[in-house]
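Some structures are shown below for you to check.
What follows is chain A paired twice: with chain B in the first complex and chain C in the second.
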Partner chain A sequence: MPSDIFSYREPSPSSRGKDGALSGMKMALQPNMSVRGWPTEAGSMALRRFVALENATVVERLKEAGAILVGSTRMSELGFGLAGDLTASAVSEGHADCALITDTMGESLVAASIAGLWALKPTYGIISRLGLIGLVPSMECYGAVAMKPQDIAPVMKVIAGRDENDFSMPDLAIPDFRLDGKKGNTIKTIAVLKECLDLLSDDEAALFRSGLSRLEQAGFSLQEESMEEFGLFRTVHQVVGSVEASSSAGKYDGVRYGHRASAAKNWNEMYLKSRAESFGMPVKAYLFQGAYFQFENFDAFEDACRIRARLVKAMDDLFTRVDAIAIPTRRKKHPAEKALSVTQVYDAFLLTLAASVTGLPALQVPGVMSDGDFDSGLQLVGRRLSDPHLLSAGARLRR
Partner chain B sequence: MEYESVIGLEIHVELNCATKMFCDCPNRPGDEPNQNTCPICLWFPGAIPKFSREALEKASMVCLGLNCQIQERSAFDQKVYYYPDLPKGFQLSQAHRPLARNGWLDITGQDGKTKKLRIHHIHMEEDVAKLVHETEGRTPISLVDFNRAGAPLVEIVTEPDMRSPYDAMEFIRALRTQIRYVGSSDCSMESGTMRVDANISIRPKGTDQMNTKVEVKNMNSIRHLGDAITYEIQRQIACLQGGEPIVLHTRLWDPEKKVTTAMRGKFSGPCVPDPAVAQILVSQAWLNEMQARLPEMPAQKADRFIRQFGLTREEAVMMSAERDLSEYVEAVINHGIKPKTATHWLATQFLPALRERRQTIVDTTVKPDRFAGLLSMLERDEINANAAREVLNQLFERDDSPAELVEKAGVRQISDASALEGLIEKVLVANVSAVADFRNGVSKAMGFLIGQAMQASGGKANPKLIREILTKKLGA
Partner chain C sequence: APPHGGIALGMDRVVSRVLGTDSIREVIAFPKNRSAYCPLTDAPSTVAREQLAELGLLDLGGDAPIPGAGEKREMIDHLSWVSRIAFDSKEKPLIEAALDEAARLADRVREKAGDEEPLYAVVDVVNRVREDATPRQSPLAEKGEIFKNAPAVKGNFFKVASILE
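Take a look at the complex of A and B:
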């Protein structure tokens, strides 16, 4: 039922958009991606009745390229985790050719894996975040989910690129998403990390190994590698992410938009009650964690920032020896769609945090790591700006 | 026991940029409420701040004007606290990496000696919105005006080098002069473009201990700053003498009652680096460009005025204290007026006339060329001082040139001896007793006769010439 999937449907989407690179392509968005005039509640009572005043840069570019914006889907609160998120269903059920999912800790990759779809979480900083309402500005980005990689590349080509209104974009050369098969054949050696295998249960490890043989059959060479710090991604993500979330969610006070509590004695109580009633789990717990580090243990936050820099360097070092890293996308015993506590969320996204913490691109490939009953998804994490190369490597794998 | 005070200042200066600090909205807080707003400065979800180059330039000029070292790398943090005038929950401020450090200003101490007062750092930050509390009517309400939200500020934090209210007032005067010179702000405490908070502690004279300080806010003039510090020092001494400990807190200056009163405890939240605002990396080339924009500063200018124009130190300091005035006086001198004449007439006639009319040097219609035109007629004895004062007043009211006004008023000075001779003859005839007095040695009779002659000429005669002719005729 479409009404379950969408929180808002464009009443009269043009059958064909403007002439452009994405003419006729149907796109589903999440209601935290600003489209002028659309309800933009980001899955949270804290933004109830908020209507975007301006288009996100991404939305502007999609429209300009002729994409048809069909509507916005039900999403998790502020894009944190996947509980209640039906965005990938918009694609798997045929309402859209491609959907954009806010990716803070691997949501686009895991959602695609659950739905048997492809997803690309791009290099952080190649897409303008202007108009994206999220929680963790140093990690969140637009992930793209589609039935086939050929539908992801043109969307990325349109939405990636410098935005003079987003000063937070680093000065990066935007990768060319028009790679054809041959030119894109740059990914050859793929690492398997010992420490990643150590995190997996026996079942998960067995499924992963069976899938790795498919990589070899497709001509990739596998290389055992070690990265001692791999276990730190979870802690670093949680400390940095929760602090940024606590800071950026400070603006939801229920005054100009959003749920406003009634019967408060004074303004302070009104804010407290409004916020208490607005946020649900697991976001509320996450904000408390962030506030703890902000107010009570700031040193831990600063340590986490330093370790994060070290992790970025460790990954860069690894990429001097290999072209990509293979990791399962999700875990069977830790379903993301049912994760309602912060711990459950981090358990469910344990394997996709590396790309979020380091800002590296990651591709989710369906149908490779499957025992017929459960498909964990194959995640390929690549070098910074190697996004199109990941897409062509994935396509080669499934050919 | 004799105490001495230890005073440090925190000074917020609103930069006179065309736009706000992180968006293109006009930086005009006084407009109709909420006119100058956009999703960025309303702090709506999804907005991303766009740091203004002009704000960086104007802030950098302040730093250079206060002898600070601009840091190669600076960055904005989210200073977390909630108040209804800051509904996004944090203020963008440079808590960890300020724009500049280690500055200083010289003042002349009460003992007449030069005293160097150090500046710890200068950082940039955005201003918050303005709350308007409507208490009349059935339900009191609070309104928020976002015109000021995101206005560009610098905060200047001094070292605790000041020892008296005098030091603090002199420091603020010097700071105001420097910042006005570089053109970044008018630094008016009265209109709120400069806000000064003072941190005050006391200690036994001669020791170097640092005791608990008390912060005092809400002074809206330099004089109030001095009064508030004086009061606070006395209050703290009375506390100690009464056996009461000094506790760290903030007090508000009440200008009516001339006392400070304790205010709500200030909540100080954490500062989290903001990933959405790019760090600022200052290149040497850019720094050179800023340095090249630095005008000749008042101390150097005063020295030059002494050297080049032969002014006394007092005159030179006065003429260089404000950049507009200094440029004005220099323009007048460049029109060929003697520096002493220009200085004297500016100080005693022109500036009082401006004040009377509530005009400024910048907006007045009496531009340097017109004023110089008037003074050159005076210097050439074409008019006398009385006439010059009269014509100066008319210069403010009309667009005519000084020469036209002199003609219209008919005050051109009579410096033609033959024209005056007859006139003086008549005066001598009409004032026989005064002439007799003079001849009998009553010297002040001469002054009376000159006055009579001036009157007879309708004020137009050259008094010097009258004296000469009279002296000759009376054979004195």
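Take a look at the complex of A and C:
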């Protein structure tokens, strides 16, 4: 049952029980999160007519906790960028209390910012990715979007945690998502990065500075910090991301599932044609970039990973001096919903890439960086596993 | 050679005796014909540029083309082939622009990279070992559910275009 926002709506949404932690909570998903029996095309021809055979671990946990899965929303091709993605609208228009958005470069944060909502991109590795169809395994995770942070915390509490069937999960102590006022006070000092401000246009910077005063009024102390290589997050994300995407997309061969081109003379032509028709722009261009690094210039991929090591360390160093970093979530002149080329996508997500490359948690807070006309969103990036602290710091900010 | 002794029975001859063939030729694994051509491996033949590159032999001829090496292919066509993604004339300029951008990114990371160890994952990778259990087919395969999503099926197999021409 398709609609404008949903690509599939559950005909009879129901809750498994009344006693679960999420009983009665309406959740919207993207069609790249496997729900048994639901069409799961991930916005791509590559998965045309694909119906999930099993539940993703996250889906299983949501159902177990009594959440009502209302349907899956329209999304960009394989979750790359936000062009055509209407997931956040499911929440802002009241169809769902919370929506999950695949976050590879800040999609959940930016989508929430556009819709004036809250979003948490959690620490990388605390949520099972089994059943999530993605492109960039070393960065992607489930981001949660909701009207208020109090709706995000319980969802995270339910979906986070070790999954014996996801062999890529690290052994991390899962943070405690039970919010209470005292916890938020662990975030006191918030950094403002000089190099980040340098990336902004004059009016973007002015809007950001005016919003910062709200942080001070709420009792946070601001600290000017410098991170010389902030501009490299974009470069590293694009090199590593495209390589992983090219590798991940290798499975779409039109043999076991997905789209098969008609009238191929032989095996190789079947692959070439099927995959030609399976991917659209900008995903196809991104896959070619990845193929370039994989097959023509592998040294560049390794170099990008070297820089990634340095960037992760620089962030860790920064977090010995401050508790969080404040960055605008999105840019006025680079709308993510209209980004149709790889370059435009990276322009639009420039400010959210740091959290993706380093796997750190990031919270999007609406209504702080706003001039009444445009809300860039405030992004708070925190220490690894500080997710609940970010949520309650955000709540404190808006109190 | 120093004085030595021993016996070496050729493997081919042993196999020939075991199978009771009339001629040892019947059991040669890599036979060559009268013109020293190998019907199995097609040798001697020209090598691909990629094979020379792999062995570091590409620059031996200087600017002159190396005899036997295939013509240098356009990079975009090569990438299209190795990643098995074709493109049409409308997409070509966009992909070319993307490849130019990739080359610029490569220059930038080369310039900025230090001597750190490359980091491929931001979390520690843990070696997981599955609990010992009797191996069994996936229930989805048992019930044939995995064929539901397949574009073409024949019996209990995924059907593909012909592999041998």
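Criterion: the second predicted complex is superposed on the first by the 393 of 399 C-alpha atoms of A that agree within 3 Å, B and C clash if a C-alpha of one lies under 4 Å from a C-alpha of the other, contacts with A are read in each partner's own complex, and residues count from 1 in each chain.
Following the convention adopted for this analysis, contacts are C-beta pairs under 8 Å (C-beta built on N, C-alpha and C of every residue); 3 or more make two chains touch, one makes a residue touch a chain.
Predicted model only: the values in this text are computed from it and were never measured.
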Task = After lining both complexes up on chain A, report clash or fit for chain B versus chain C.
result = clash
Task = Figure out whether A:Thr343 sits in contact with chain B (first) or chain C (second), or with both, or with neither.
result = second
Key: Which superposed partner A:Lys251 touches (first chain B, second chain C, both, neither)   = first
Ask   = Which holds for A:Val243: it touches chain B only (first), chain C only (second), both, or neither?
value = first
Ask   = Of the two partner chains, chain B (first) and chain C (second), which one does A:Ser138 touch, if any: first, second, both, or neither?
value = both
Inquiry  = Looking at A:Arg49, would you say it contacts chain B, chain C, both, or neither? Reply first, second, both or neither.
reply    = second
Query = Does chain B (first) or chain C (second) touch A:Phe295, or do both, or does neither?
reply = both
Ask   = Looking at the overlay, what does A:Asn266 touch: chain B (first), chain C (second), both, or neither?
value = second
Message = Looking at A:Arg308 after the superposition, I want to know if it touches chain B, chain C, both of them or none. Which is it: first, second, both, neither?
response = second
Message = Once the two complexes are aligned on chain A, which partner has more residues of chain A within touching range, chain B or chain C?
response = C
Request  = Name the contact category of A:Arg129: first (chain B only), second (chain C only), both, or neither.
outcome  = first
Inquiry  = Quick check on the output: what are the common chain A residues between the chain B footprint and the chain C footprint?
reply    = 50, 53-54, 138, 167-168, 250, 253, 255-256, 267, 271, 295, 305
Ask   = Which of the residues in chain A end up touching chain B in this complex?
value = 32, 34, 40, 42, 47, 50, 52-54, 56, 129-133, 137-138, 165-168, 243-244, 247, 249-251, 253, 255-256, 267, 271, 294-295, 298, 301, 305
Ask   = How about chain C: which of its residues touch chain A in the complex?
value = 75-76, 78-88, 91, 94-95, 97-99, 101-103, 105-106, 108-110, 112-126, 128, 140, 145-146, 148-152, 158, 160-163, 165
Inquiry  = List the residues on chain B that touch chain A in their complex, please.
reply    = 39, 42-51, 78, 80, 82, 84, 87-90, 142, 269-270, 272-278
Note = Touching chain C in the complex, chain A uses residues 49-51, 53-54, 124-125, 138, 167-172, 229, 232, 235-236, 238-239, 242, 246, 250, 253-260, 264-273, 275-276, 279, 281, 284-289, 291-293, 295-297, 299-300, 302-310, 312, 341-343, 358-359
